[in-house]
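For clarity, chains are labelled A, B and C in written order, and residue numbers in each chain start from 1.
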Amino acid sequence: MKKYAIHYLLLILILFSFQTNKTFAALEIDVTEGNIKPLPIAISFVRDIQNKDEDLGINISKVIASDLAGSGLFYPINPKAFLEEIVSLDKKPNFNSWRVINTESLLTAQVYYEENDRFRIQYELWDVVAEKALIERELFTSINKWRSVAHVIADAVYARLTGESGYFDTKIAFIAESGSKINRIKRLAIMDQDGYNPRLLTTGNDLVLTPRFSPNSEDLVYLSYRNGQPQVYIYNVDSNQTYVVGSFPGMSFAPRFSPDGMKIMMSLQEGVGSNIFEMNLSSFEKRRLTNTSDINTAPSYSPDAKNIVFESDKSGTQQLYVMDSQGNNVRRISYGTGSYSTPVWSPRGDYIAFTKISKGRFMIGIMFADGSGERIITDGYHNEGPTWAPNGRVLMFFRESPGEKGGAMIYSVDVTGYNERLIDTPGFASDPSWSALLH
Amino acid sequence: MILKPISISFIIHLIFITLLVTGLPSLDKYDDMSVPVIEIELINTSTMQEDSKEDDLKKEEPKKDKKKYSSTPNIKPSMRSDESSKMNVVDSQKEVALNEKMENEKKTEKKSEEVFSIPTEKPSLNKINDKLLTNLNYNEEKEESKKVTALLDKFPDDRDVGEEKENQLEKSDSPKKNNSITSDEISNMKRQVEMCWNPPRGVRGASDQKVQVLINLNRDGSIIDVTPITRANNDIKKIAIESATRAVKQCQPYELPIDKYELWKEIKFTFDPRNMLGG
Amino acid sequence: MVYKKVLNFSMTFLLIFILAGCGSRQKIEQVLFGGGTDNEADIISNAIPGSSQDFTVNVGDRVFFATNSSSLDGDAKAILERQASWLALYPDIEIIVEGHADERGTRDYNLALSAKRAQVSLSYLESLGIQADRIETMPYGKERPVAACASEACWSQNRRASSVVVTDQ
């Protein structure tokens, strides 16, 4: 009996050891929490020994670092911590010396000067943990466009590491303000997304308001008091030419381009009310979209041009409504306490950004296109007029400080409400409008 | 009796074959299902343990020279204490032995700290977190903590001795208990990976980017390779896989009980950001 | 006939005001908007009848509104009635009614609201017999405040419709 018992035991043992080996081939672990932090990145350009003082590469790398840091998603590591100096792009970086300084990615680049004040820049993005190249590219342009080149590279890095398209190579149209609050001088202006290269487009003799970029970023549509009556005009940024969009008995205002750039939507004043119209820029035909004696204004197309969001006070207070592109099927989408205005549809199509006024405070918020999921992004004495970055991830708006000395400044903020930053403008600035990507 | 040896043997063999056949299909199912953290019950033989022990002994010599723990010194203290808490349950005799062991460890650690006058507070998991944010500072501190580790290289020896003791104890007592990966050990590893995981955010549907990777580990807890199980069918998935891969690579080596190497040499990780990034 | 009645009525009204040395409201306005000096009598005598100064000082060029509202209250109506009487006295004069809003609203809406305020004032003047072709409206939204402080004391002054006499230049 004993003998058989041992036999039996042995069998069981073999059986079990067999099972253990197989069944538990892979231990499984679910990771549901992480350590959310800006992605560390090292930016190392091959140094220009001949032009130490005016090192184009260093200047470009600084702009890239500032763009990436400004997004709140990246943490550019201080070059002083670098252990390896990149001297050539021909050989792979020593990944270990980059991992040691705790970076996850490394951007290397080299600038080559070419004839006619042009230059070539070769750049590579590395995942230093996986030790593989993520981007290998080259750009060629004139030297005076070096800031744009930096933004283009920053966009490429952003896109490759986040999976979302970038927004750095863009411009902002805005109203530059000067003079006393009682008699403010307002000028049409544009600048780079980071506040650099500001350029005034009008003299300030005529009051101008609410500029908005065309989809190709070549034109601005805006409101001007140029000929006495407030009317909608188009300004071509390259030619500096201005022309009026139709002539109407009352004020035309709150203009915005359609997603295809072929039409302009705006409000026309009709007696005590204002209604929304669409103007075809090739046929100059006018199409009515609302027909009430209320204030219907601030229209904005969905990116697929199938729907229009606008504000109306038909309920007694300003609220947001969505209608189809024929002006039918009007439905109210804002139901929170307070009033809602200046709706802008995100270029992604998911969210609508707005200004909300409640209990004497002005907030910037977002909600889904059906009115659900309302979220306040910033709240204060006076925040107004959101505009979307082309990737729908970042908003700009203006914040007005109270009192005689007060004025408007432009801020950018993440859709999550984090990473609010003041955009540096020469003076007070309001009514920002974000262009599409320029490259 | 007449139904003797052969019949018994026959029956047993029959059972064996049936179990083998019915047992196997369930394995495949097991792999497919993405079951949340799985409880691992174990069932093992002492033979296997002997094997691994033998391996250990063989490797002991070179181990002393290798500074293999150098990049994760900070994780050690908490790991150890967790392990001990789990082991306390095993039996009183072992508990005493372990406590002694723990105390010895603490002493060595303290000594080293005094000698090098390193910041008195023990680096913890949370510390790493903070440090990563202030990156530059971290680099410096890391250098310091490396020194500690260098000194603590005795550590593995202590540990091996401890294990030997354990093994001896186990042979005589209840061999079953120590052979499963405990939930503490799993959660330690999980926490370690969580520290290193910086999931992509701000992209469309960032919270839906659940990815799975399979890792193969060396005995010293370092990674042999990482194989994505999830397919990278778009850019955002690709980036999510990259971030998961970086996470498991950055956090290596993993400190797991070497006697259970067979159980953790292959681990399937599921990274699900839904909790963190919201639905 | 109606026209004459209104005129008579308004003239009486105006006379009473002048004799009474102006209503208290007007005093306040003069102080606030820089129209007044220490000696009111001087202005009254110095303002050339039919001039824009005469209109501003002796008639009252602006009416005020409640927040987000464009309806005329009793005071507003009274001032517009005086404006109508004055305009009736000088049939060649044209005016622009400028609509304004306070800073506590968004840009586009305030433009529309100020247009509405101007329009409502125009309609009331029209109802008092002033021909529509003598009046233009000009909406300014929140772009031209008269008071800059961050409180209701200033905002209430900015929510207004001001009638401006068009001078030929």
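Observations, loosely collected:
Here, contacts are C-beta pairs under 8 Å (C-beta built on N, C-alpha and C of every residue); 3 or more make two chains touch, one makes a residue touch a chain.
The model shown is predicted, which means the values in this text are computed figures rather than measured ones.
Shared contacts of chain B and chain C, meaning chains that touch the two of them, come down to A. More C-beta pairs touch across one of A-C and A-B than the other; that pair is A-B. With centres taken as mean C-alpha coordinates, the chain found closest to the middle of all protein C-alpha atoms is A. Computed from the mean C-alpha positions, the centre of chain B lies at a distance of 83 Å from the centre of chain C. Here the spacing of chain A and chain B, counted between their Cα centres, is 43 Å.
Residues 5, 8-9, 12-13, 15-16, 19-20, 23-24, 26-27, 30-31, 34-38, 40, 42-45, 47-48, 129, 132-133, 135-136, 138-139, 142, 181, 186, 189-190, 193-204, 214, 235-236, 238-240, 242, 245-247, 249-250, 262-264, 266-276 of chain B are the ones that touch chain A when the two sit in their complex. Residues 3-4, 7-8, 11, 13-37, 39-40, 73, 75, 77-78, 80-81, 100-102, 104, 127, 129-130, 160-164, 348, 350, 393, 414-416 of chain A are the ones that touch chain B when the two sit in their complex.
Residue ranges of chain A in contact with chain C, taken from their complex: 180-184, 186, 207, 209-210, 223, 228-230, 250-251, 253-254, 267, 269, 271-274, 295, 297-298, 311, 313, 317-318, 341-342, 355, 357, 360, 381-382, 384-385, 400, 402-404, 406, 431. Every residue of chain C that touches chain A in the complex is listed here, in rising order: 68, 70, 103-109, 111-113, 115-116, 119-120, 123, 138-139, 141, 143-146, 148-150.
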